[in-house]
Amino acid sequence: MSEENSTRKKSWKDNYLVQAWLILLMAALYSAVLILVQLNWGPIIKENQRQATYSQIPILVPNTDVANVVEKTLEKDGKKVVAYQCFDAQKNPTGWVLPASGQGFADVVDLLVGLDTSASKLTGLVVINQKETPGLGNLIKEESFRKQFIGTAADQDITVVKGRDGSPEKNEIRALTGATISSQSVCDIVNNTLKTWREELK
Amino acid sequence: MNDQPTALERFWRGIIPENPTYRQVLGMCPTLAVTTNVQGAITMAAATTFVLVCANIMVSLLRKIIKPHLRILVFTLTIATFVTIADYFLQAFMPEMSAQLGPYIPLIIVNCIIISRCEVCASKQSLVPAIADGFGQGLGFLLGLCSIAVVRELLGSGTLMGYTVLSENFWVNCGIMILPPGAFLTLGCLMAFFNWIGSKKQEN
Amino acid sequence: MTTVYVIIISVIVLLTLAIVLSWILGWANVAFAVEVDPKEEKILSILPGANCGACGYAGCADLAKNLAQGNGSANQCTQCGAAQVTQIAQIMGVEAGDVVPQRAVVHCSGNCETKLQMQNYVGEKTCAAANLVAGVQGCAYGCLGFGDCMRACKYGAIQIVNGMSHIDYDKCRGCRACEAACPRHIISMVPFKNGKMLVIACSNHDVGPEVKAVCKTGCIGCSGCVRRDAEDFQFDNGLPVINYNSYHINAMMEAADKCPSKIMKFVGPEGADTQVGVVTDQFKSDVDHTEWLG
Amino acid sequence: METFLSLLLLFLTAAVINNFVLINFVGICPFLGVSKKLSSAFGMGLAVTFVMTIAGFLSWTFTYYILRPDAPGTVWLFNAFGVEGVAPNLSILSYLVYIFVIAASVQFVEMYVKKFFPPLYKAFGVFLPLITTNCAILFACLEIMKRLQDPANLWGLTEAMVYSVGGGLGFTIAITIMAGIREELELNDIPKPFRGVGIALLTACILAMAFMGFSGVNAGLSKWLGL
């Protein structure tokens, strides 16, 4: 391109913007197409993302009517979190759902923690996002591990025990075989989140 | 352009003789990353095929007016647009699959297969061979991905397409197969296997 | 109406970005212009430009640069079809076609009988590995005979016969793969002006007695050939070097005849003439597929 | 101090624990293609690190101000046009913009270095065009984009830069180790079908196993540091 240009007289046709007219035209066309896609499918995607949390709420807090869930933004020390206050069909409060996330064995683990109305006991736990070791650490999403959290007290730390069944009265969780760190991470995330936000859930 | 292959030839070539994974060794990132199970592999291949065919169509239609020194930019823009559409489609209608494939769907943009097909075939041939080429290469990519995914899913989790094949009673899952090293191991061994077959064929 | 506005906004955003970026690049293209080899540019325009790196070079521009300089082979790009390869070969070959064909020559003539074997080498059976170990054979310059060049050759033109690499000139295409593969750098390219060419079949730079101690067919560095004909032969670091630019055939015949160690040899295709230039392709190979000896 | 430690942890995570090449499988093409010689592998690694830093900076800037949902620039534009009823969100243009920005910045840097720093260009400039279609760069942009989606937990520019530099160095580490091993492998008598890519992949397999040894280090470290 440059060779030809230098020998010829400069005309408006040699301007690189004019040379690139096709690219500019395509950029405009493509952006128009894409924004149409966004307008049409954006709401569906948003609904999907909402659903990912809301479909778990009845599992976390029993007897909840999803239609009556209220989102509440909590603020403390410059941190923000969106908590879900749950009600049943008659609009009686049933509990809270609190998102929690923190460092797992491999990558960040995202959890949802269900609490009773006074935020004193855990009513459930689900893992919504994890990349733990397949076959070992990723068993944290299995019910057999998660159900141990149901009924544990929220006002004191949950501890991990190895080699024997934990006792719910002492707030103990049995670690997964071969995935002690993943199990410990889940407990730490729950403990930290509750420590920070439990007082705010009133 | 008489020496260019016909549509049927293009289609067939993509599947075995110019297989993107084993013959051209292109598009290694998704080949390694999304082959932990067969469904993921199929979805990935389908998304790639969609982008490949659409990009081939666009490039083939525009081939007369694209300036040679700007061609790569035109290809990349086209590919990026169709990848965005594919990504949003998956997010909207197959959210679980989208979450599983994660960033590897947008990474189709930089998959060498597509840009290389635009360059080798679509920018030189008319619409029909370009479309056939897109489907052929897509099918070849599907075969490549599935061959790895079948091995990894079977040995790693004892299932195929999510159905248990190797019962836990007599089979211990090799967890390593679904982990990153398993991907390299499987691809390396399969690559050597196909090389071996190729060299045997040549000898005959 | 909202939709239209949103479309306008997105178009504006992307278009602004595109224009700003191409403006900057256009300005930079002029401001930072650097001269490029036209051949390189031509090859680059044929290459796919995907910069996938599968060729082993750092992107298409790097490959084009190397091809333009004559390194690498035209089919190096894994994405190019046959048509592109031919085009590239043409661009590369325009210069190469005017001169005589370059063919590989092994500058050694020691085989299992003539060279001193020192110890039984038990390592990896490649020249590259054996070259790292001292004492595989007496001569520190000569052919190791493990066949790295044979494996590098895409045309099957090299055989290891009796511990020494032999080139089949009917098959050799002068691709230089063996030259690059040889860890001792004893393979070089010789312009085949005639059917058979005289070469120095030894690479040992040591002085006479040391050479004689390790090989029966080594150059003792008597420099007789150089004294007879200073135009065609130069003496460099204990070895004569043939000047292929002058290359008088009579002087060559005399040198080959009078060399006391008989390390001057005519090499080329079977039956080719030492005095007349012959198209090498006409000759059929009759070299046996001998098993190579490590 | 706490910020510094958490940045250090982020750096370590990007560089070794979740290594771009060996754990996330991005940048495999150059990892297999340009790892035959140690010197070129190192040059490639440096070039990737360099471009990734620039791309990280640009993608954070664009994402933060325009491309994320409710970004200030987008909100301003939507208000200027008086659009109502639609959430100001241009995130669908992200991939197009990233590709544009990466391609343009790579080309710009290449021309600049070629003109003003010829020795530097010789060292790694030739690798620059290779990087435009390097998935590692786009992957870094996508990660940064992901961390800018949730308004409650945004990555600042520092985090984005630390992440992209770490990722680039992780790539350099992986490709340099690989090239070192492959130079030695050249001397070996490898079974014919495995020659080339086959043995390189098996080497990568062992390397990936070695790098898996790092997993969990971040969990332990963050606990030890009390983060």
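The first chain written gets the first letter, and so on, giving A, B, C and D; residue counts start at 1 in each chain.
By definition in this document, a residue touches a chain if its C-beta (ideal position, glycine included) is under 8 Å from a C-beta of that chain, and two chains touch if they have at least 3 such contacts.
Just so it is clear, the model here is predicted, and its values are computed rather than measured.
Of all chains, A has its CA centroid at the greatest distance from the CA centroid of subunit C.
Two chain pairs, A-B and A-C, are compared here, and A-B has more C-beta pairs in contact (counted per touch definition above).
With centres taken as mean Cα positions, subunit B sits 30 Å from subunit A. Separating the centre of subunit A from that of subunit C, both taken as means of CA atoms, is a distance of 60 Å. Subunit B and subunit C have Cα centroids lying 37 Å from one another.
Annotation: 22 Å between the Cα-based centres of subunit B and subunit D. Contacts with at least two other chains are made by residues 6, 9-10, 13-14, 18, 22, 25, 29, 33, 50, 52, 54 of subunit C. Touching two or more other chains at once are residues 20, 23, 27, 30-31, 34-35, 37-39, 133 of subunit A. Contacts with at least two other chains are made by residues 29, 32, 86, 90, 92-93, 96, 100, 133 of subunit D. Residues of subunit A touching subunit B in their complex: 1, 19-20, 22-23, 26-27, 30, 33-34, 37-38, 41, 44-45, 48-49, 51-52, 133-136. Per the touch definition, subunit D reaches subunit C in the complex via residues 29-30, 32-34, 36, 40, 43-44, 66, 74, 77-78, 81-86, 90, 93, 96-97, 100-101, 104, 107-108, 111-112, 114-116, 126-133, 186-189. The part of subunit C that touches subunit A in the complex is made up of residues 3, 6-7, 9-11, 13-15, 18-19, 22-23, 25-26, 29-30, 33. Those residues of subunit B that touch subunit D in the shared complex are 25-26, 28-29, 32-33, 73, 76-77, 80-81, 83-84, 87-88, 103, 106-107, 109-112, 115, 176, 179-185, 187-189, 191-193, 195-196, 199.
Those residues of subunit A lying in contact with subunit C across their complex are 2, 16-17, 20, 23-24, 27-28, 30-32, 34-36, 39.
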